[in-house]
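Note that chain A is present in both complexes that follow, paired respectively with chain B and with chain C.
The block that comes next holds the complex of A and B.
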């Protein structure tokens, strides 16, 4: 642009567009990707504004030297805040939004009531603008362009990395993501730090652009509201969505600056945005991507042959040896919920290569056992040793990486990720820890194994229950676990579908994977299991071979109540 | 024969007039208008006050064109909405200069936008006359000219004017409470008031600050009541002063002598709690201000146009007067320089005194500021009247005390 020697106004206008692209895209790194809506972006942007304003305006530090600090300080603030709030399970959704909004007001109060500002604002007219172009406007444009390119490159790269996949999974179901191996806490911190750092950098440049910085003008609700609107309009699940939204909104707002149409123009812009959000809730790119995906899904379902059900194991999935040695040793496992003992001193072993059926009446602790072993819940006491390693104090994602996968009784696929991406995620974050490209390739094989290849590009919401259950299985298998915990994977299926599932489980076991099968369908448990454990009121009631266990009196009582015959 | 000759004379005269006048008229008509560009915060949080400047600008340009325009050309005002955003103001001023290529600039409203516009004017060597810029020390550009005559050092001169007025009372105040918003253009004046009061021997019994945007004035009111000052300096802007008065009223307290920096004029003058409240002004709708040339006509036009624009308070006071003054300065500069050349205009303004509805202004002081013409006004019988200095007092008005 500077080389074209266009009027300075074009450079300044493009600066504004790029400025908002950076702010919206940086906001989206955490809030769009992971769903942690932050209303505190103005705080971190403002921290950058004031870092540069104070260093350059009050301490005479050269402007360029202030920019690393303008990025670093907000990034550290974000990480420090995240390190606290991301540990609190309940601070999600609107609570997180409100908390970050509160941070804006806290920072504004600190800035206004300390020598950082103190009231009069900070004036930067004496600060020299770096001579990157023949004009000051050209220099600002080039700085914003460089920052926008870097920001968009980061946003793009993140979507192609484990980080992005993990963040998208957090968006859909954070607890399930953690259990599937996503280090949710670390990923949120990294995303928050990046988001805040980039916003701070944009703030640092903006401080010099406006040249007069006041607390009231900096720390206000306009910045977060605008970036949210921009990102939602463009599409939060695409790296380029916020950039498109920022460009559209900045142009629309600029187009309505003629005085005669100022109010009407803003009303029209508002109406356009309301309409766009109403009719394109996933944003411009969300709509485009959905159409593309539907076309791909239709094409792949036409191209795929009718199911050759579970014909082969993926080439990479070499069978494991069945040693019969204890793979999992559980001792004295306890878990209570508000005084109700769901697990009350459970002792059991799971041997390598076996299928262990876990039975018990409703409320006996079966699902809690799965949840505790997989790390979904933290045990109150006891011990879980897996392949010689104590799991009790490990976070769920570390348990997944150790080689334990699970399915959920009520399937919990990541709703906005395609079937293929759902499976690829566990290949990325499970025991194999494949890189994203390999994971996607291997996901295809597991989808073929579970007869879902034709639905690879569909969203989970487009699958029927049978397919969704098989997706759960495919996800569990793709992590190449040593132990799979199947939590009522057959519930809700028709007899024919159950037979197919039984066959599939047999094939899974055939490759040496150890299986813990929690199930209500007795015929399946007895047909599949090598051994059975019966739980009742959080304790092991019986353990042994299926016929043995089921014939015991205490088991019959637990299931049927008082035995009269 | 005589009659015949007369007819020929008249005909000849008519031809001659036509011969010379038509081309001149055509030439005048062919000349494009002088274009003056500015932005105003027509939307966003500053819109209500900016609307005053829009109405005033429209009135002035209309009057100017009726008088034949400038340099024989009509004047066109191009005004854009900066949406109360300083960064957008900067970009729009660049658009006005580099793309719209306006001949002259007029300032926007509010400190942040004015500083943004000032930076653009400085880069492109344009004269910038601005309306109500509140912090003179920040105005560094040599071709910026303030229309609001608050002097180069208002933090010193304005409190002195107020305390001069109070000092002339039979029982001058001995103690002062300074409570202030941290709004930049108010805050530095309040800090100045503390220093001035100290120098003049008043005892400061309370100093309190609040963040701009504060809504809870109860604790502040209670602290003021407890301090029992003779005089309360309230560094308030907009509705803050009225809100503080309401909070004071709830605890059955009425300050004896009370001053408000920049109150929203309408709400304060109409509030029964604001009886005898003091403030500053550069213009009110009474003599001697209304004796200035053009003032009466402007007031009359403004009442109508402001009502049509649904501005709640249609009286001409600081904002409207400063806005009108800005246009008077620009017009005087162009006429004086007989040119649209910014350097020539700037040099002329700096070297001359300009008659405005605020009075005769000069621009040869620090940061091009001249005299502090701020006067003390007071709410009396539901309206603002100037009470100090006595020569500017409304007819029959004197400073009232409880």
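The block that comes next holds the complex of A and C.
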């Protein structure tokens, strides 16, 4: 143990720095990584403070025994609150921030009105401080140090785990993340629970440190304001960002309050927050990481010849025979939007190994079909059986795991992840659970397959439309799906690029993947598809072999209006 | 539990109605800014309190009639609203970041108030405060009545302006789809700044109403945040009438809770209503 033999003052100051590092880093676990800003961190911290205060101060439980409770109670509170609010699709960032802010005042009211406190505050002056060091301040320093190390280790480990990758994807595009197989609801709950538990622990130690706790002193706006500020200043997308921010702010705050100017201190914190949000919304570490990436990208574009590993693609999607057995059986599928029947009883089969072209005029329900099958929307009625399994009531990430991948008509890459990490994400969360290292290696191979290897370290925003569309394809393929739903992958491409894409789609099918192709470019659909289904006004109008279907009278009417022939 | 008398309940409901009007008045500018400008303006509360303190200063020390201070407070707040939004626009701040930045601005305003007027309680003593009307056994204090009347008048006035004037229609078009509205010749920048100014001015009016009725202290800024946001979210973002209606519902429920249970339980009411509504009709909010 690094027991510094410093004067008590320094030990107490270091305690404060470490205390804020724990609070800011724990806040960042949910809020920084996933973008769900909690303004209620003070509430969960406060729950920890009062757990220890009541157990140790009023019920004479030894201090060390109160700490597990101080972690558990806030964690349970957080999970319970999350279980309610994360279920609601509309509770996204802003609403979550305000709901959690309200929790602070609710907890304060409860504490103040019940025997938990009742008004006078709780004294812990009679509680024995564990003697880890010769002095009390030394013991506090060591406790905070241990907790800070644990918290930072957790924050680091999470970024290296699937959990962290999933949270970052939620930050960028939660719906797309869910469709790519990220269990968004569970991940948010886990992160929230961890975040609240660690804050509660910090609160438990703080209760003994201050030895007298009051409702007003605990449940106020200072804790959330300060942790948000620290994390935003340091950089919320990096595990170490909040710790850096916490160190800087604690020193700054100390310097300004030391001169008996608490009011000025508050103004300074406010001004730094405004400045940080306006001038460097990505924080200190965000800036540094971006600069590093640019340097690395510049270096790699010179040094790297595209590696020729397209041949060692993972063989897991073992080329399945084109058995012609139905892989997907859709019956009576209905979906309405405020009375508009987008799908009005659709029946169709997709056979194993085929390319099924889906055609139809605008508004005929093509995209809705893909959105319902992939779980992006929930159907009103009907059934979708995929490989013998009913999908209708599964959440989107379960459908992805079952082996269905999709592309979006308007590409929805995760904006803050590199091209490689975008692809690695679906490799990680798709059919088989890979660990992040393997997933990144495989991602490289899928990028080679789609000719994007040279752009692996770029951000999606730096790609052109053609490359972005191919990135959508690479992402869909990386989960090694049995069925790929392609939603107008060719729209907006030049004729030359379309030919390239057609070639790519042929190669995908050659690997044994079944494809549903929603497309407007007629020559492509007829060239690629084994069979064609025509939708009109939410119903199947015609189904059959390509040439046969297109020459039918009702199809011509749907496309061109009345036929005078 | 003993149920309080009918008169007490009626008087509570009445005071709930009055405070609900104030929730609606504060929420009016907040909701417009959130719904139409996509700025979640925490500094709205700071601005309202600044206005309240300026009103207090002019009336108590300067001897002005509290309502006459509107002539100074409203233009001041309009200008501050415009300046703040110009800053946010200049840096293209996202809605979530606007919440953070205005959080910081609020902290600065709070510190400013505290350094000028200290953290002590301040109460505006005006000739209005003593005046009360009486209907049967119920008392109607004049400041509260004034607040409610102003809140209702402003909410309906803005509702009508948004519905029937070209300016109002342009504002709604911009909120819906700024690029398309601009293509039809609407000056997005000017309209946004104007609307931000109006929101600031609304905060100013709310501040004067605050000063008429309530004891002021800087830390109180945050006490209003939860309830007013609940009113805005329940009433609908960008809606002029919704927050007023929701504010009154919350105000009355709070007041009845205070009468039946204990005053200190009131803060829980708005939060409970909000959560309950989220659960009952998740799609709406």
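Note that the second predicted complex is superposed on the first by the 526 of 565 C-alpha atoms of A that agree within 3 Å, B and C clash if a C-alpha of one lies under 4 Å from a C-alpha of the other, contacts with A are read in each partner's own complex, and residues count from 1 in each chain.
One rule holds for everything that comes next: a residue touches a chain if its C-beta (ideal position, glycine included) is under 8 Å from a C-beta of that chain, and two chains touch if they have at least 3 such contacts.
Owing to the predicted nature of the structure, the values given are computational and were not obtained by experimental measurement.
Of the two partner chains placed by the overlay, only chain B lies in contact with A:136; chain C stays clear of it. By the touch criterion defined above, A:13 lies against chain B but remains apart from chain C after alignment on the C-alpha atoms of chain A.
Once the two complexes are overlaid on the shared chain, A:209 sits against chain B while remaining clear of chain C.
By the document's definition of touching, of the two partners only chain C reaches A:281; chain B does not. Of the two partner chains placed around the shared chain by superposition, neither chain B nor chain C is touched by A:234. Once chain A of one complex is fitted onto chain A of the other, the partner contacts of A:109 extend to both chain B and chain C. Of the two partner chains placed by superposition, chain B and chain C are both touched by A:263. Touch criterion not met for A:403: it reaches neither chain B nor chain C. Using the contact criterion defined above for the overlaid structures, shared-chain residue A:357 touches neither chain B nor chain C, since it reaches no partner. On chain A, the patch touched by chain B and the patch touched by chain C overlap at residues 108-109, 112-113, 263, 266. Interface residues of chain B, counted against chain A in their complex, comprise 39-40, 42-43, 54, 79-83, 86-88, 90-92, 94-95, 97-99, 111-112, 115-116, 119, 123, 135, 138, 140, 182-184, 187-188, 209, 211-213. Of all residues in chain A, those touching chain C in their complex are 35, 37, 84-85, 87-91, 93-95, 97-99, 101-103, 105-106, 108-110, 112-113, 220-221, 225, 228-229, 232, 263-264, 266-267, 269-274, 277-279, 281.
By the touch criterion stated above, chain C contacts chain A in their complex at residues 40, 87, 91, 93-97, 99-101, 103-108, 110-112, 114-115, 219, 222-223, 225-226, 229-230, 233, 262, 264-268, 270-271, 274-275, 278-279, 282-283, 285. Those residues of chain A that touch chain B in the complex are listed here as 7-10, 12-13, 15-16, 19, 108-109, 112-113, 118-121, 123, 125-126, 135-137, 206, 209-212, 214-217, 253-254, 256-259, 262-263, 265-266.
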